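Consider the two complexes below, in which subunit A is the common component and subunit B and subunit C are the respective partners.
Moving on to the complex of A and B:
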């Protein structure tokens, strides 16, 4: 955790850090990214007409809602020193299968039960292979992701794009608004709050940090490290299903081509750019929100300025690289900050 | 009298000969030459992916025809991955069962050029479909994307009308695919002739529906009075239509797109007002063109790479007003037909 990182931090800072307050005196990556996001926001608000309107702000949050939801699931896994590369495949293929079942006349309850069981099975398989078979998470989830995509695409659905049946609740869900704010924004906010409560105030949530920081020590003091690992991957799979349902709700169809897109990297990016270390044990929901805010503001501003996609990718990459370099200069790695298993 | 008899005999003989003439039809050299040239020939289709309407439609019509003349029809599914497509083509050229005709749906202008050259050198005819490439293939069958863009722009102008804001938004595909680049060029050609119409934004969707929705949402917030949006593919135009729906601008923004004329993807959405106009490819005819050029090339006796033919498919902007029962083809029906066999 950040609190254990620097030795020169005062007791008060330490206490504040423990409850999740950012450490302003010592700027870390999260702080840098947050500052960049604020700067970008201010610049866009001043120079771009139509940026600082309620509708546009809602649009920004909405555009990163599904990404943010997936990043929440990813964050929980990464904090526990893992990674889930099957998230996007589970998200797209579970919903595609669900819609395919509905389109071919399976009853809604049964179809949903099948899909939920399938999603949980993959999550549990991921967790089991990582926890009990000791296969590195990066290989396990890469393989199960490809398996899920290949199996569903070749055996269970006939086409890349599967439409939502007319009048189905998924279609109606996409039209749900409170105060003109789309439903996925509320789901994102709600899930963020739930994950925050889980990580901060539940015993198992706290244990994730210990297990991520030092799995062997955590196990030695009696924390059920392995069952908790399985739980995290199952959680990540269910979060992916929710993200997929919201995508289908908005577009009235799901296109499995998204598995080939850069979405998976964007999810890891949102988590990592916000300051969740890939080596585990550090970070929280706030980091995801900061990362998502930066990406959302950046993409929205570039779309308003009408920058071509090629340059958008270049600018996005440059800012991310810049943040990492600045972090490297301000917080150099040494024997104290580096951990075993750091990527 | 004798003369008359002779004449009659001659006339009879002539008549007999004349009646016997149809028996020459059995010696029509056509079918034999046709069978000799085509029988056992291999045709392979390598689309961008087998999972979308165009590729499935082509495969259906090609398979039917190729198998009818005694050939073998195969497909490869690179699933949108350029490398996988290149691998499929490389394997096909090198295999013992090298295809005699390779039909390639190129992902961009250059990626497969070298491989296609290799295929021709090995004696395989190369037909490009749908997406042009920087390569002199034996034939190109598909849309003239520039013309298609012009049709879209004309439909958008008509959809906006004279008393509108005359603001048009574009949702491009990307900056690498020829279909996107030429479509854009065609749209701009028409808009140059209508200087009162202006393009207010032209973001890329990267062919992804969620991205299309996000950029269209922003576009509509910046320019709520846009009268028409042209999205470069019906595969991601569902995103643009979702943004229009969310902004409660249904019926106010005339959405134009292009697609393969599949029922669920195009006609149903024209019917329910999601799309204002769709420039549709007549897929059955396009597949027919491919079949014809395959038969021609295999009988021509010319080495691969000798001639370069362009066969552009007739395109038309279809609106709800001119929808007919046969405006679209039905993928579900084709799949049911294939399953029944």
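Moving on to the complex of A and C:
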């Protein structure tokens, strides 16, 4: 236990550090994961044919872009001691509804307005129930995720997959390249930079850390903890919509079955494995990038080795389990600030 | 009476506001909401789906219900222990596969298949239990991950062996019976679910391990401090959940004779929703197996009903999402606000117009006129005593009184300087009386009627009377036993002042002013307690008349004294002998001259009398003002009144200085002295009564001269 305590203190010191490269003299989860990612990268580059090509590297970055964008939204929520299990449902179902509206002849502007309103409404509902009704985030978002999928699938769309209409801007977006790099990579990079600025340099960004570390104390010093909670869930919902649009852009359709896949757990995996503690108040954008790098390399390597998808799921689940166990040991739950029903 | 007052009287005296608060105090209100939801669900779907209640249709749906209920029972136990188990769907599917594999591919006996299924469930449950219980990981995320892991494993296994299972020739009558047969009209799965539900219910409510689960769920830290092995208890709940799910998996293996990609899909969110809809609280400690089962029926009826009504893909998830969100929100808000609401609505004042009274002011010339005689009383035990509500003396002149600390203290004659704790009772001893054998009988606040023998042996005589059928609040329990006296035949007559408040909340009872005071009798011959009279505003002092054929009792908030006849033509009836006094009467005791002493615990004030005519104002007052700003009876002035057999007032004693005996709750005459006690006082007073019989004692008056 003592060794782990040392790790936890190291993580804390580092969180107070200025921006910069990880402090190599102090071992922490982010450092370990980053090292593993580099080792994995080196191993794959040496042993796997076709790994270290420009095309494959772009493919890796591209494959984790959508995942990374979703993980950015999730990271903001988790830092504030929450979790958003409805992210994937919002991502897939909002875009499916949008495309369905377009395919049935609704004008683009109106359709987008509907969808944006719907997405914001779900985000606000999540936030309201968590902040003002004191319902644990995990149950609220599980319920709203289930509801969003069920409602859109049964009432608003007619089949599992909805195609993008010919010549629509979403389709064109999928074709945009800059220096042979697809557009979602730039969107990911841009969003990551924005979230970084928000968390690091704005007052409300800093408040998220306070609220995540100790909500009661944050409230006592006058931080508007509850409105900020609502804001975070709304933000996460909008980020999910952006991720959904990019998915539709690259695939030219959106498949709602993704809601039942393990994508949601991949998002949590990226955030947790990068070192964002589930008990809140720790981590930042860099952790998301490190987590996304490891998962991207891992998925790409597994695909090149030709491991079947089912086994990939098993491996990812095992890694996530390991990550959660390590997270539980490094960031033990604070019994003083843990709430009743916070399970 | 003005029209406004008449309206108020109707509104507040006829509308039973107090029932709302009484219902909210009941634990069964927790069950009422899910039960109503169950009835509504069955009613709605039963009426819109043709043939819903037909036997064949029920048999098919109950088969599924049996399997589902087993899973929900496991989930309920985990949630009661403060955790959650999302991996039930995976355990269910993997156990199903284990059974299928052993039976169809290894072609072993069905019992071996059952053993394989159970082993799978127990091992999986033990992994969950180890991670959550011993490593103390977050239950929700951990079981979510083990769920994905199990599901991925199951998908691989199913896709690998699906063809082999199809080709297998294995068959068994037992398997067919478990899958399709019925026993007394019910399928095996229903029987198993019923048996397991009963066993689990008994274990949770009546066994040590079950209590440990509830204790850990209710408060982990307290359970740990109480010496419960918290981690092992949590571990066991997950193992149990794995066990339940594996039985369900085995049953579905028998029913479908195989395992498919859809086995156990969405089961975790269904089981979670069922438990929460049934009213099992998140965070643990509150809930029951029955609640889980109610939730299981609601959820399964809704999802199956909607499918049968032809709603498309996704409807299930939509309904589950709504049900879960609503149920969790209600659960959280209910737990959080129940006490707040209860505090707000419990006090339900009624209208009362007090009668005109004579003045008690010094110099007013009325029989109630207070003087300053009590201020001259000597003090006994000054500064040592807290709250001698009643005082009494025995044949050897020793003085006894109760104290706030739950003791009966004895002061030794003749100077009453030395004292000792005569007996420790635990509750606040109020009224005292000696029976013929010299046992000290006491009404102990909030506890009941107790007896202390001369050898100091404390014995409970009575703590309950018979339950009335119409009362919602439990009126069998004695909430505020106040004073007692003993008839010549040995029966003990005593008062229970209110049914709605505990003894220390007497001020709330005075503000509410609802008539719930009772006169009861305890019969030492058979140990029974009976209610004689009911519906008085705070029954208080009791005193047997000198001839032993009737008794007097005080009704404090109405400022009245009644006479209850034990014998003669009016036996069993009560009549009011003194009404509209200026003070609130407390204990009554015999006087040496054939009259009776009565204590006034406080004096009426015009302001409080007026407030009694404004129940709406008192209701607002209790809700909006802090307690120390409430208007309630004036207890800063009291006195002692002597009245005769007919109810005529003979004389009144008071303490105008306010220093020695501002409030009097009891007084006892003994050998020419009056011993005075007060529940908020720090002393007992001894006042020399002019012209009193110097040899008269209360024990002799009751039980004759010393044998």
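In the analysis below, the second predicted complex is superposed on the first by the 288 of 343 C-alpha atoms of A that agree within 3 Å, B and C clash if a C-alpha of one lies under 4 Å from a C-alpha of the other, contacts with A are read in each partner's own complex, and residues count from 1 in each chain.
Criterion: contacts are C-beta pairs under 8 Å (C-beta built on N, C-alpha and C of every residue); 3 or more make two chains touch, one makes a residue touch a chain.
Bear in mind that the values here come from a model prediction, so they are computed numbers and not experimental data.
Novice: Touching A:140 in the superposition: subunit B (first), subunit C (second), both, neither?
Specialist: The answer is second: A:140 touches subunit C but not subunit B.
Novice: So, A:56: does it touch subunit B (first), subunit C (second), both, or neither?
Specialist: first
Novice: Report the partner of subunit A that touches more of its residues: subunit B or subunit C.
Specialist: C
Novice: What is the contact status of A:236 with respect to subunit B (first) and subunit C (second): first, second, both, or neither?
Specialist: neither
Novice: Thinking of the overlay built on chain A, is A:66 touched by subunit B (first), by subunit C (second), by both, or by neither?
Specialist: Touch partner of A:66: subunit B, not subunit C.
Novice: Contacts for A:153 in the overlay, against subunit B (first) and subunit C (second): which applies, first, second, both or neither?
Specialist: both
Novice: Quick check on the superposed pair: does A:318 touch subunit B, subunit C, both, or neither? Answer first, second, both or neither.
Specialist: A:318 contacts subunit C only, not subunit B.
Novice: Touching A:310 in the superposition: subunit B (first), subunit C (second), both, neither?
Specialist: Both: A:310 reaches subunit B and subunit C.
Novice: Residue overlap on subunit A between the subunit B contact set and the subunit C contact set?
Specialist: 153, 310
Novice: Under the definition above, what is the set of subunit A residues touching subunit B in their complex?
Specialist: 49-50, 53, 55-56, 59, 62-63, 66, 153, 158-161, 163, 174-175, 182, 247, 250-253, 255-258, 260-261, 299-300, 303-304, 306, 308-310
Novice: Where on subunit C does subunit A make contact in their complex?
Specialist: Interface residues on subunit C, with respect to subunit A: 82-84, 131, 135-142, 144-146, 148-149, 151-153, 155-156, 159, 221, 269, 272, 276, 281-283, 311-322, 324-325, 328-329, 332-333, 336.
Novice: Which residues of subunit A touch subunit C in their complex?
Specialist: 83, 129, 133-136, 138-140, 142-155, 262, 265, 268, 278, 310-311, 313-314, 316-318, 320-321, 324-325, 328-329, 332-333, 335, 340-343
Novice: In the complex formed with subunit A, which residues of subunit B make contact?
Specialist: 49, 51-53, 56, 79-81, 174-175, 201-204, 206-210, 213-215, 217-219, 221-222, 235, 238-239, 242, 245-246, 264-265, 331, 335
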